[in-house]
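I have placed the structure first, in the form of structure tokens, so that the comments after it can refer back to it.
Chain lettering (A, B, C and D) follows the sequence in which the chains are written, and residue indices restart at 1 in each chain.
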Amino acid sequence: MLKQKLSGIMPPLTTPFDQVGELDYAALQRNVQRYNETGLSGYVVLGSNGEAVHINVEERLKTIQTVKQAATPAHKVIAGINELSLRAAVQSCKQARESGADAVLVVTPYFYKAAMKQDVLFGYFMEVADQSPLPVLVYNVPQNTGVIIEPATLARLAEHPNIIGVKDSSGNFGAIADTIRLAEDFSVMCGNGGILYPALSMGAAGAVLAIACAAPRACVELYQAAAAGDHARARELQNRISPISQMVTAGLGVAGLKAAMDNAGYEGGTVRSPLVQLGPAESEKLATAMRASGLFSRME
Amino acid sequence: MLKQKLSGIMPPLTTPFDQVGELDYAALQRNVQRYNETGLSGYVVLGSNGEAVHINVEERLKTIQTVKQAATPAHKVIAGINELSLRAAVQSCKQARESGADAVLVVTPYFYKAAMKQDVLFGYFMEVADQSPLPVLVYNVPQNTGVIIEPATLARLAEHPNIIGVKDSSGNFGAIADTIRLAEDFSVMCGNGGILYPALSMGAAGAVLAIACAAPRACVELYQAAAAGDHARARELQNRISPISQMVTAGLGVAGLKAAMDNAGYEGGTVRSPLVQLGPAESEKLATAMRASGLFSRME
Amino acid sequence: MLKQKLSGIMPPLTTPFDQVGELDYAALQRNVQRYNETGLSGYVVLGSNGEAVHINVEERLKTIQTVKQAATPAHKVIAGINELSLRAAVQSCKQARESGADAVLVVTPYFYKAAMKQDVLFGYFMEVADQSPLPVLVYNVPQNTGVIIEPATLARLAEHPNIIGVKDSSGNFGAIADTIRLAEDFSVMCGNGGILYPALSMGAAGAVLAIACAAPRACVELYQAAAAGDHARARELQNRISPISQMVTAGLGVAGLKAAMDNAGYEGGTVRSPLVQLGPAESEKLATAMRASGLFSRME
Amino acid sequence: MLKQKLSGIMPPLTTPFDQVGELDYAALQRNVQRYNETGLSGYVVLGSNGEAVHINVEERLKTIQTVKQAATPAHKVIAGINELSLRAAVQSCKQARESGADAVLVVTPYFYKAAMKQDVLFGYFMEVADQSPLPVLVYNVPQNTGVIIEPATLARLAEHPNIIGVKDSSGNFGAIADTIRLAEDFSVMCGNGGILYPALSMGAAGAVLAIACAAPRACVELYQAAAAGDHARARELQNRISPISQMVTAGLGVAGLKAAMDNAGYEGGTVRSPLVQLGPAESEKLATAMRASGLFSRME
């Protein structure tokens, strides 16, 4: 029995908070309804850009439910599992299923960094996959976790029938290409907007990209160009997407992504502490870069 | 009104789990009762070595209660607050107070590492301190968090009446000395067994040391020797403590510390996943080092 | 006046030493004569893989002369300038010209790492370019130097009429793509075998690749496939080249590259101390990987 | 036969350049003559702060000769050997002896960082020590080299009769204490002004400190206080020395150290490119910190 295959572009949905910091489910619903029209293949809820670490368990479950209800049946909903122990991760996987998620995106544990050897990570994900009622994607995001899961480890994990892929946000193109080459029956989702085109060229199944929260159509168009072999168009779009992608991920972070969404006609909203809103200089810099990219018609 | 001053040696208590991974409150109680006789000045519950990230909220509160009840009134109980958002941290501080803790040890947020600039950390801890019903110690532990809070930031935080000190586990002696020099009315607790003597020599208030879970008396004796100006004795003890301290912290981690406690007559017990128990070779290496240190009479 | 443009694949020639460690110019000559037939566009002499840091000034000049004489007129000869001061770098550039080099590849200074801010690097390369009698390529190789020159700095340097390009060996695909996008009239040479195809897809002028010392034809074929728009073939070759490329660069280093050359029918020879020859286990691992790649017909 | 023992405080002499960048041997001589009166035990020539990487071989030898001639017979002269190959290092050791040096300070090779495993470093220093006509100190300076030599490796090297010690500039107090504990008949010279007092407390033989170029008497006084068991005075001096030491090493670098020397009545002079002179803001910041330290009577 073959595993389910992922494909296409998915945004790691941000979680909108209102002016007093409360979760704004209605705004989330409206965002998803708008995204439904843009050619995206699904939604990642409660990933790094979803501020999963800033919300409580009730908010978490209601967020998943909200997205599932707002999404069309054709859009997969993948729930981020940001837990630091096996027990908590398995419990969250079960809750995600009850809330309607189709799959889970499970981060590498990251508190005891020195102990997170490849064999330990392998054992952990095998356990999670055994116990999770939903298919598992591994989440490699060393810029947040300080932990790297290596291509050879992913290739071993790919043999588990309940581990269907990885979201690799490391930005390490060589490692992503290695995983694509080494892991069989495994969906490699690129998690970095700056290497989308080359990752697709090397066989990535699709991508989960922060910038797709603000510029879903451009990302989808790049994906389609690459799929159609239109390399010139793919390259041109990559060159438009890269600067703005870097700015809202490596540079300005979640607050920057939310501001970019506001600029682009979605509802970004505020961030929760310890994150802070953009200052005026950062906002201006972001707006300038967005205009320069030519990707945001309402800004030109 | 002067802040309360910390002093002496405190162990960052490990959290004992039984063979099936359940929290063993009775073992925890027995450990504390034994520690009560060793000259320690207090207990840190649910710090890094307490596997705070592996237990749920109910376990957390009962752990604090258990330690508070087992400790003598003279032993301060400081509860670790390992949260990634302001909301969760403040809530945990309030719960810690309800559970009987005397102070809280609040870790630097560590998920959005790139966003954790010094000003952001400053703002975060000021907010926590404003809202916490208990005095706050800042917890700097970059080997786990990938985030460093700098001496100059700590000096600014020291002006807040509800921020009483820092546990600095970075092992960066220069930074610790800087904090001691720069921060007024502030208790700097050394969090690294390998630099205990020099940290005390430079004016550290005391220490919170993993190795004190296995060798409380030796750590207390070093503290007292330093306080009495017996530098020769302090240095000799430092040379005995350092190798074993390194092995159970930088090397073998929490599983190693728990094994060392078992060897030393305390109840270490198992670790929860993703951590794994020591293998036979590691156990033997640990036992050899413990014997060589001359600090564990029952092993010689 | 437009700058000269680089293109194609160049190997960073290794410097052959004999069994007693003396420089074997005859072997170097024979290697180049063989390479002349493989479609390479030129030669980098005395780069990182050329052990420039292990030879003295007389050897250096004779090495450049030897390569220049053995190369056909169509093959450009680029001399590595591995110096830590402006004075020494300029002198070496002049000597390189006298020895017959067509251009120089000037490494970022790397001893006072903390002082090597982007403005300092900018000023340094502007000075070098003003004084060098040969066109300058900037050499970015952070894995050896611990210093990174950023795309924005390269874009500023690209305005100097005597700075014609960069060899970027960082392996950071995003940065290479940024440089291609930002720097005008500037040849970006990819210095990392694992990202050759995507770098070419994004517009890299060519590549300087360690693995091209052992597998020149495969690298040239990939280059030609990419130029011809045969993405399927380029991708297949990339998948064959990547594992062996990683092994001889990130893994086994110069000694590994020389052993791979010996296996492939070139003359690798020994390395000079502090480098050490491969052990038997490493040699076997290398041979196995080379066989598996299908790129070395004499090994299959 | 016991090895010679080092002790006391030595400055890593800066190399004065004049306004057009030429080496000013007369200024060097005058500096040494002034230092002769300050209680220093010897001089390190051509270390990191001596810009060894910015001068040519003729300048290097004449610099050693100049210092040897200006020093009293009681002051040891240790010549830095900043070479990247065994051949060059051995040749430099021989030249250093011919120029009058009493010992050599040999840096860990640092170009092929990934290849510099502990066994490779061990083999390298054993070879250097076999061939050097002068006693060898190992130079550990990872902030410049990106290479760390570990205490266990140093302990093995200590068994060589011609390896007499280490200058450890890592600032890693734990590692320095480990080396003191593990290596027998071996002089550990602290290379970091911020940890001088604790390093001496743990048994360091002495120190080679950049700040001693500007504040030799304060460093000597701290050394003597520690030797006499006057911990209060040692600690007070440490607190005065640390901020200015950090500023001129980690912060402003060699240009800062030279400016501090100018401020303190020595002849710092200019730096060679790629280093750049301090700007006005940096100069002012330095002067303010020097005044605040109370260590520079002519500035108060």
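Keep this in mind: a residue touches a chain if its C-beta (ideal position, glycine included) is under 8 Å from a C-beta of that chain, and two chains touch if they have at least 3 such contacts.
On a predicted model such as this, the values are computed, not experimentally measured, just so you know.
> What are the mutual neighbours of subunit B and subunit D in this structure?
Correct list: empty, since no chain touches both.
> So, comparing C-alpha centroids, which chain is the farthest one from subunit C?
Between subunit C and the rest, the longest centre separation is with B.
> Starting from the mean Cα coordinates of subunit B and subunit C, work out the distance between those two points in Å.
Computed from C-alpha means, the inter-chain centre distance equals 50 Å.
> Averaging only over C-alpha atoms, locate the centres of subunit A and subunit B and give their separation in whole Å.
Averaging C-alpha atoms per chain gives centres 35 Å apart.
> For subunit A, jot down the residues that touch at least 2 other chains.
none
> Using the touch rule from the top of the page, what pairs of chains touch, sorted by label?
A-B, A-C, B-D, C-D
> Which residues of subunit C touch subunit D in their complex?
Those in contact with subunit D are residues 21, 48, 53-56, 82, 84-88, 109, 111-116, 120-121, 123-124, 127, 143-144, 146, 250, 253-255, 272-276.
> Which residues of subunit B touch subunit D in their complex?
171, 173-174, 177-178, 181, 192, 194-195, 197-198, 201-203, 229, 231, 235, 238-239, 242-243, 246
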